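First the structure, then my questions, so here it is.
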């Protein structure tokens, strides 16, 4: 039996999602990396920028025009928002499948997307076709998709945390609260003052309380799960660590169920969702570097509020790892291929 | 005019509350430190344990028996829970006033206290007399108190954040949510595995979700403010920083009010509560080392949920600084004496 | 061809070296873990203590007596110093090979060992037989060893950094200086005040300047390389990070050579030593989680001082990874088996 | 008796040195802040950028042209290198005294300065006049200076650490080694990738090993102390903390002296240098926020190498605090005025 090989291009490999994709693909048995593009760094060996890849990745960054992406089987966009929507039509036309790790294809309501992302969408028709790449919800559609919109980091942690409650219809979906905390790598590898170590270390703050781009994405996903409109308060916070998202979720219980059992059943066959034993408090380091979402569900003092704790590594299950998981599904590989890593603890 | 001098003893000066009290009192114009006790470290110069105090504090730790605490004007207990309740009766009898920075006198319901703290209370009668030392609520009673129960760190941040809403009766007090994040110094200077740097750094987790000792303290305080029973979900989290608490508070609005104006009016004359401009996100470092609570209030998307952000330094406004504030009130000094420090940023 | 299986026992699996061994062995194709002992945690599932191992390790900690270690092919000691020396004689007698990740077999001079470790050695005869497990020096002897003394973390970084200079005889070996900085996990998973996050974060300090246990180990190794007595000043520092050692090494050049070429040649065939290009500054994160030592060599301002920068992950190349590398050598496996991990960056 | 008032202008108040100057001057009894300039932030209230200053500083940033700096008694330059040299001549001509916290006036050899700072100097004649503001060496000259060149952070820690040895002529000044570690705030409040938390946290690296701008400054200072040319290897490192420099210094002893006594005598009357007891290891947090240099001196194993540990807060004794100390000297105030702060620990 011959080993299947997927020829892969990456657009925009200089950010954290890019280097994390490279880390995972370098160790993936079916991945053949053919090109990594970067306008600003063309000509530089990838391993000069990311020395952890020395001995693993021999490629240099190339200009997009020189990358021959149309000859790939699959292209990942690890770019800022607004790039993938420009390049995807031609690629899809050339028979290349696309996974956008940015936000261009996540929101079905184009007007809503344009309001939050403050730009005009370049290919609204392809948004309709694109599949939202949350495998625990859309596995079958992902398998045949030409375009997969890889979910955001917060939306992954929040949706997986609320999913069993919302699907089962046992909570008040008009008053959901998601209090989420992210490590600083979630802001990307951009030179900005507020994510300098001297600003963000030994410090904690909320941001975007009046509104954050991930709010419409989460609301869209939960609404689809519920089958009716969901209303959510979403409060993101910056926490002084590199990787990790911890979402603390609150919902008013409207129907009495065994929460622990509800979660265990819903995720019984999911390789990358781990429902912890009752009473647990998952910590983000337990998923550091691993494509895993660990969840615990509580009902404090037996009251009418469910409290769900959901942790992921924002760069893995929240970005590059989930992208590789989607790739595996799209190309008919076992879903866990190349994604079996023990989290790095401590 | 002669300068008033307060003769002060500290019981248990080897923890973080102790060293922070020493830092503040060393620079306080009216404080005369006469004794610092420690059973385990008796004989050691204080500045050998805490070199930041070299040149400021010449005292050695002494055995409690040798400390002549009954000759002090004021004794602070910076001890583990369960110590102050044993020593306070004799001190009060000797005319010494007491500020307990631990939890022995905080909860009026003795049975409740004994359940959460898992020990028998040694002087229930004095609990009834003790004044809960939150100056923004109890300033007048503190002035004449023999015993002040200094509030816990979480309870300070959460109560000051909810206070205007609860006093004004404009939110559903049956479904309050306090999602609180603390730096690691809140756990004290005890050798424990879970607060090692290699465990707690680059990591984030909730703890005590089923129940935390600060829950009954917060509930008691909010209930007093509301004039009727309050129900609260309280979720503490450990965040990888040294100092700081960030409480993110959620309440369902039941009566339409201008939240910003409500907060500004309530705290207009408070020297140690700073209501930030509308739309702000206070960060914990903005109060690092300072006796200050900064608060911002939001109403995301104009919905029916109020989101309050409340930050303090857990060792200052959440412990030692508030204790000195109480001392100033008790001894008739201007309340800000010795507490005017600019927070250390970055 | 049948896959070779090594039956492995681990004594003392509750520390950081233990969990790191478990992480590596869980993903090693030839490792069959049969027992993990812990007196204090016997009966607890390993994955309850280290949730990153959920789904990977099903074993519970067992009492040493119940572990049947004498039926293993190999036993790792991931214990405090002084344990391995007691249990090793019986194991070796039973035909079990031993890798001690602690210090019991590292120092050949028994009196010297007893002075630094402050205890009487239990089996001096086996010390003579034991092989010091630095593969880049002792590969052939390791292959046939019954007992391998796995090097300390500082000694690995310092010896690999100095090795080419000292072997080539081009520096003054009477005045070597090793200024080394370690992450806090190097102190182990012990409850101690000085490694609490609130003590060690946002802080930097030297320790053990008058003398550190790794000094005689380094001196012994360098002396063997040089063929004559070496004199070293060794200054360890605690740096506020979890993993990583950065050794900055200084030597006076006595013979003019091309330093870059010297290093590249010496390590040309070493899979786990990476000589960086001239002018590089390796960072510790470039080896986080990876069994790799990255080295850069400088000659500032063309003067007579060589400055060598040597980085490792103290838990991998400085402990568990090197132990697995030694295991591979001892059991005739390709040396990189189970040790090909891309470092986690960021 | 009337209190002396110093009218002060600050050029460039948006960096870390700027905010730290503001913190110190806000609490200084003689300082009257009249203007803070910033081209990029003109019109913004200072306390909007630095919320720790809310209630302390009511000024807004102003355009330099609008600042009327020529009417000040003193102007601090907290600017990037190359600004002060342009504005200082006019100010000095107008009778305003100047403290440059940047590097424009530190190096007497203009050609050397121009090579390291890669620009042409605008006023070489004033460099000759300017006094290097290390009070422990130049106190008398500072008192009468029109222009004080405030020392760099590394140079302060390194020079104060070597000073007693070099002045006493007891070490080999041809082979001095300074291995220095800095917190990230030393790089300033500039948006750069390498100082992002996600890059610099949980990481350690050397930088500038081939050459760093502070090398000629240190060499110049030590040469002046020695009375003859000094040769130094200087290796700076970035350590994952906000504030603090730890310099570990190595010198070969050429004349036998009591090192502890040498240091204690040299610094006996210095208010801001603290010689720790023999055997100490000062940590950087012991000076966090304080204008203090703590030093310990060792002679490991009684050998011929002196090892000196010298710690400062890079933003205080390494920048703004030393600048205020110089101001006090220049204006005839007690040197410790406004600089008595207990370091923030933990």
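Note that the chains take the letters A, B, C and D in the order they are written out, and that residue 1 is the start of every chain.
Note that a residue touches a chain if its C-beta (ideal position, glycine included) is under 8 Å from a C-beta of that chain, and two chains touch if they have at least 3 such contacts.
Predicted, not measured: the structure shown is a model, and the values here were computed from it.
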Check your understanding: How many steps does it take, at the fewest, to get from chain A to chain D if each step moves to a chain that touches the one before?
Key -> 1
Practice item. Return the chain whose centre of C-alpha atoms lies at maximal distance from the corresponding centre of chain A. Key: D
Review point. In angstrom, rounded to a whole number, how far apart do the mean CA points of chain B and chain D lie?
Key: 36
Review point. For chain C and chain D, what's the span in angstrom between their mean Cα positions?
Key: 39
**Study point:** Set of chain B residues in contact with two or more other chains
**Key:** 16, 183, 185, 189, 198-199, 201-202, 240-243, 282-283, 285, 288, 346
Study note, to complete from the structure: The residues of chain B that touch chain D in their complex are 16, 19, 23, 26-27, 50-56, 185, 189, 201-202, 242-243, 274, 276, 282-283, 285-290, 294, 340-346
Study note, to complete from the structure: As the complex stands, chain D meets chain A at residues 16, 183-185, 187, 189-193, 195-202, 240-242
Review point. For chain A, which residues are in contact with chain B within the complex?
Key: 175, 177, 179, 181, 183, 198-199, 201-207, 209-211, 231, 233-235, 237, 239-244, 246, 248, 250, 252, 279, 281-285, 288, 298, 300-301, 303, 305, 307, 309, 311, 346
